[in-house]
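Note sheet for the following structure.
The chains carry the letters A, B and C, assigned in the order they are written, with residues numbered from 1 in each.
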Amino acid sequence: MRSDSLALRLSGAALLIASTALPALAQDVTLRLVAPASAVGDALEQLAQTYAAETGGVTFTVQKFPSGDSYGQAVVTQIQSGAAPDLIYTNAGYGRLESLMPLAQAGHLADLSAGAWVADFPESARDVYYDGEALYGLPLSLTSVGLIHNTAMMERLGIAYPETEEDFFAACATAAGQGVSFSSASGAFPYYIVETIAAAKVYAETPDWNARRRAGEVSFATTPGWAETFATFARMAEEGCFQRGFEAASVPDLFAAMAGEQGATNVGPVTLAGAVLRMNPTLSLAVGPWPSGENTVALGFYNDALSVAAGSPNLDAALGFIDWLAEPEQQRAFTAIAGGTARADVAEGTFPAMIERLAPYYSAGEIVGLPHTGWTRLEVLDTLSRGATQIVTGQATIDEVLAALDAAWDAGE
Amino acid sequence: MGAAPCRQPKDPLMYSPTAARAPLAWAAPAIVIMLLFHYGAFVAGGWYAFTDWDGLSTPNFVGLANFRQVLTSAEARAALTNTLLLTFFYVTLSNLIGLGLALMLNGALRAQNILRMVFFAPVVMSPLAVSYVWKFIFSVNGPLNAGLEALGLEGATRVWLGDPDTALWSVLVVMVWQFSGLCMAFYLAGLQGIPTDLIEAAEIDGASPWRRFRKITFPLLAPAATVSIALPTIFGLRTFDQVIALTFGGPGYATETLATQIFKQTFAFGRFGYGAAFALVLTALVLVVSVIQLLVLRAREDRI
Amino acid sequence: MNRPSALNTFGRELGALALALLWCVPFYYLAIVSLKPMSEIFADPVGFPDQLAFANYAEAWRGTMGVSLGQAMLNSLIVTIGSVVAVIALGSASAYVIARNGRRMGTLLFFFFVIGIILPHQLSVVPLYSVMRQIGLVGNQLGLIVLYSGLMTPMSVFLYSGFVRTLPADYEEAAEVDGASRGRIFLKVIFPLLAPVTGTVAVMVGMVVWNDFFIQLIFLSGSPAQTLPVAVYGFVGEFSARWNLVFAAVFVSVVPILAFYLLAQKQLIKGFTGGIK
């Protein structure tokens, strides 16, 4: 990695020192990468080390922060205090502090659209990675979202994979009759369940619902699919589909419930299945679509992304690393550690056995992105999570929650 | 009371006859620190409250818009109500229990030192650690529900932390359990300052125990009560750790407090302006309540 | 109250004992659950463990994200001691200046400092974070020591002032006549006289810093310098619902402060209640 500007700046100094020292100085670039302390962070760290070993002169400082809210906080505070790292793990679209769209729109991310890999950019992710013609992240892998299910446990319970919602509720009754819960939920963060149901009830019919909401053509309150979505969630709670006490459960409680086989299924991202398997490797887990009969669709989104800070003093070196990371070999190395499906594999139509039930939808192009990645304001997602719990705990009606969602959406305007 | 004989005399400032005995320069480092860490940071943070800063873009001045939202939004109303409810019941209950414990443990009880030790022990622990222990006790298959079932009270079992009717009170129980011992210590210190001959004289005069308490002990406990009310009030208004560990503000907004909203709006949603407006409201609340309290309690001390 | 009837006393004793047992319930569960093997945690979370799994402690001790609980404890200790020393130095000197500087100046300075006790630091933390990040004081112990020194100075000035005011100036005048410098007078004469209140300040500041979570969460999470509360929070985030491991970690985190409390009980309670007579 030879940086021209660096070489220029150093040329003056180079006259004063022995000429043999020059190459070493000119190539000495250290890239700082921030990532969450999770499998994703581990994968990025390993790949960075591989790259550093293969490419002389580039070294990495990898800073990890606890995944969850604190990661986003760390990123934002680093950026706002003028100490932005060179490389930032980001998320697609909007919806989190580390989401790339708000960062990009505030001018903190570099445009990557000149990279050679851009030619095979996945079309379904265009909305949540591009702002106009500028591209702000390298999609690292496709994260599937769906009904994570313990296949052996379902067999023991005598439950076949549900095809319709009525099948699902029947399964809840069957499981409850045998002293376990068919599914589980976290009262603090139930948004995966709600959004997965909404994918079938709202987005299957209106794929551009988010864009139309932004344009003010539709609203939560006037879209019957949203009311139906919350009604379905409330029915799941009412008919005992979730574990007892789910109202107070946190997300790690869900991992534990599945790992301990108190629950047979869980709606969430495939990464959750990975976390459960780390706790209990003997389980056989698979991911399928939310059962919605004719309307069944598969959720999948390129959530994990790597972005480059706009103000990076080592821009060329950082872009070089992105180009290398975009190669199929590195994509697969990443997913081997972090989970998910490599872009190259999606393009070829080869999917891991775990998401077999989703593969036909993906191959047919029936991919719905995670709804909230297209919501510009974080509070809308928060309102959705709280609202779902408020409905099942009797603190609010569906109509009130829909109104609150619209109010949260419009709050900043 | 060897520690600090600092009950304020009427004229507390006793100055050395020679002027400027201590050079002002000695206070300079602390003054600089105060200017930086308190006043400067406070002004900087307060300024955000009048902007729409999201932590990323250039802030725009938005006047009082954030404050209007603090006064009207559902999350803010819940946070304000919950904070006030928690503070009121926390101060009341921990003072009642603390005073009861102090009266019970003041005097020649066997093992009273060990008993005092037990009641005070939670005070020294981190609220976070304490809250995790209670989270288990309140959990659905936890000891509280198991105990109720063992007593044949299946109907009373609940999802304590997930039920909007009980979540806030569960947080309150944890706070009262942890800090009643502190109020006890304040009142014990107060009781030990009451001369025994005063009480003995009243006893000889034939005053009933209740009368003795009402007329002698209680009034003389006024300074202890001042601290024992003022300190938990500030703690209560700033409640954060317990909520984060026990409920994270849920279900819905049932246990949000001003401090958790400040944290979430600022650090989770990146709404630095709105979060700062919350913080200013909290500051105003703490200032007003503390000043009123101190005036009332001090006046009461003087009256008695 | 010198001659309470024996029955009365016995009744009070019984009542106190019953309450104390109730108060101990959380400690009981903290101890037994931390020793439960994983197999019992879901089947019977409440009962006494059939076999004691001391291995929980070994696992908890390892912590998460490469920071062991031992390391976190050391970090907490460094931050706490550093902050206490700095706050004592700043507070005692300032309080002395306040008490010995004329009525108007003294009162002004007193309020200048003491207002800092009530201002909630939730508001100042964001700008402080930005500035300290820029000068490299985030993610390390030094930064926290600096920060706590700033945040806790008002409290120590308040505690010291109440005491210094009551010190008669005779000692200093005597020492001055002997020709000692002011610095020497302060160090050799005044500071030793402040010992009781220094103890109070040390205890109060030490406890607040040791147990504080909000600031440490913001300034240290994810860093190798993370302190006990942050480490325990991260640990619970990862192992939530595996109550045996969580409780082992919580137990480890409260042992030092409880041990300190048992050893220095009298001084500690005195520290809290020093202002009451």
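One rule holds in what follows: a residue touches a chain if its C-beta (ideal position, glycine included) is under 8 Å from a C-beta of that chain, and two chains touch if they have at least 3 such contacts.
Worth saying up front: this structure is predicted, and the values here are computed from it rather than measured.
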Chain contact topology (line, ring, star, complete or other): complete
Pair exhibiting more inter-chain C-beta contacts, A-B or B-C: B-C
Centroid distance [mean C-alpha coordinates] between chain B and chain A, Å: 40
Chain B and chain C: spacing of chain centres that average the CA atoms, whole Å: 16
Multi-partner residues of chain C (each touching 2 or more other chains): 218
Junction residues of chain B, two or more chains touched: 139, 141, 267
In chain A, residues with contacts to at least two other chains: 73, 77, 80, 250
Parts of chain C lying in touch with chain B, wherever the complex brings them together: 1-2, 4, 9, 12-13, 15-17, 19-20, 23-27, 29-30, 33, 45-46, 90-91, 93-94, 96-103, 105-107, 109, 112-113, 115-116, 118-120, 122-128, 147, 149-151, 153-154, 157, 159, 162-163, 165-166, 168-169, 172-173, 182, 186, 196-197, 199-200, 207, 210-211, 213-214, 218, 228-229, 232-233, 236, 243, 246-247, 250, 253-254, 257-258, 260-262, 265, 268-277
Touching residues (chain side chain C, partner chain A) in the complex: 42, 64-65, 129-131, 133-134, 217-218, 221-222, 234, 237-242
Of all residues in chain A, those that touch chain C in their complex: 37, 63-66, 68, 70-71, 73-74, 77-78, 80-83, 250, 252-253, 255-257, 260, 262
Interface residues, chain A side, partner chain B - complex: 69, 72-73, 76-77, 79-80, 97, 102-103, 105-108, 187-188, 244-250, 378-379, 382, 386-387, 389-390, 393-396, 404, 411-412
Footprint of chain A on chain B - complex, ascending: 52, 54-57, 69, 74, 138-141, 159-164, 167, 247-248, 250-254, 264, 267-271
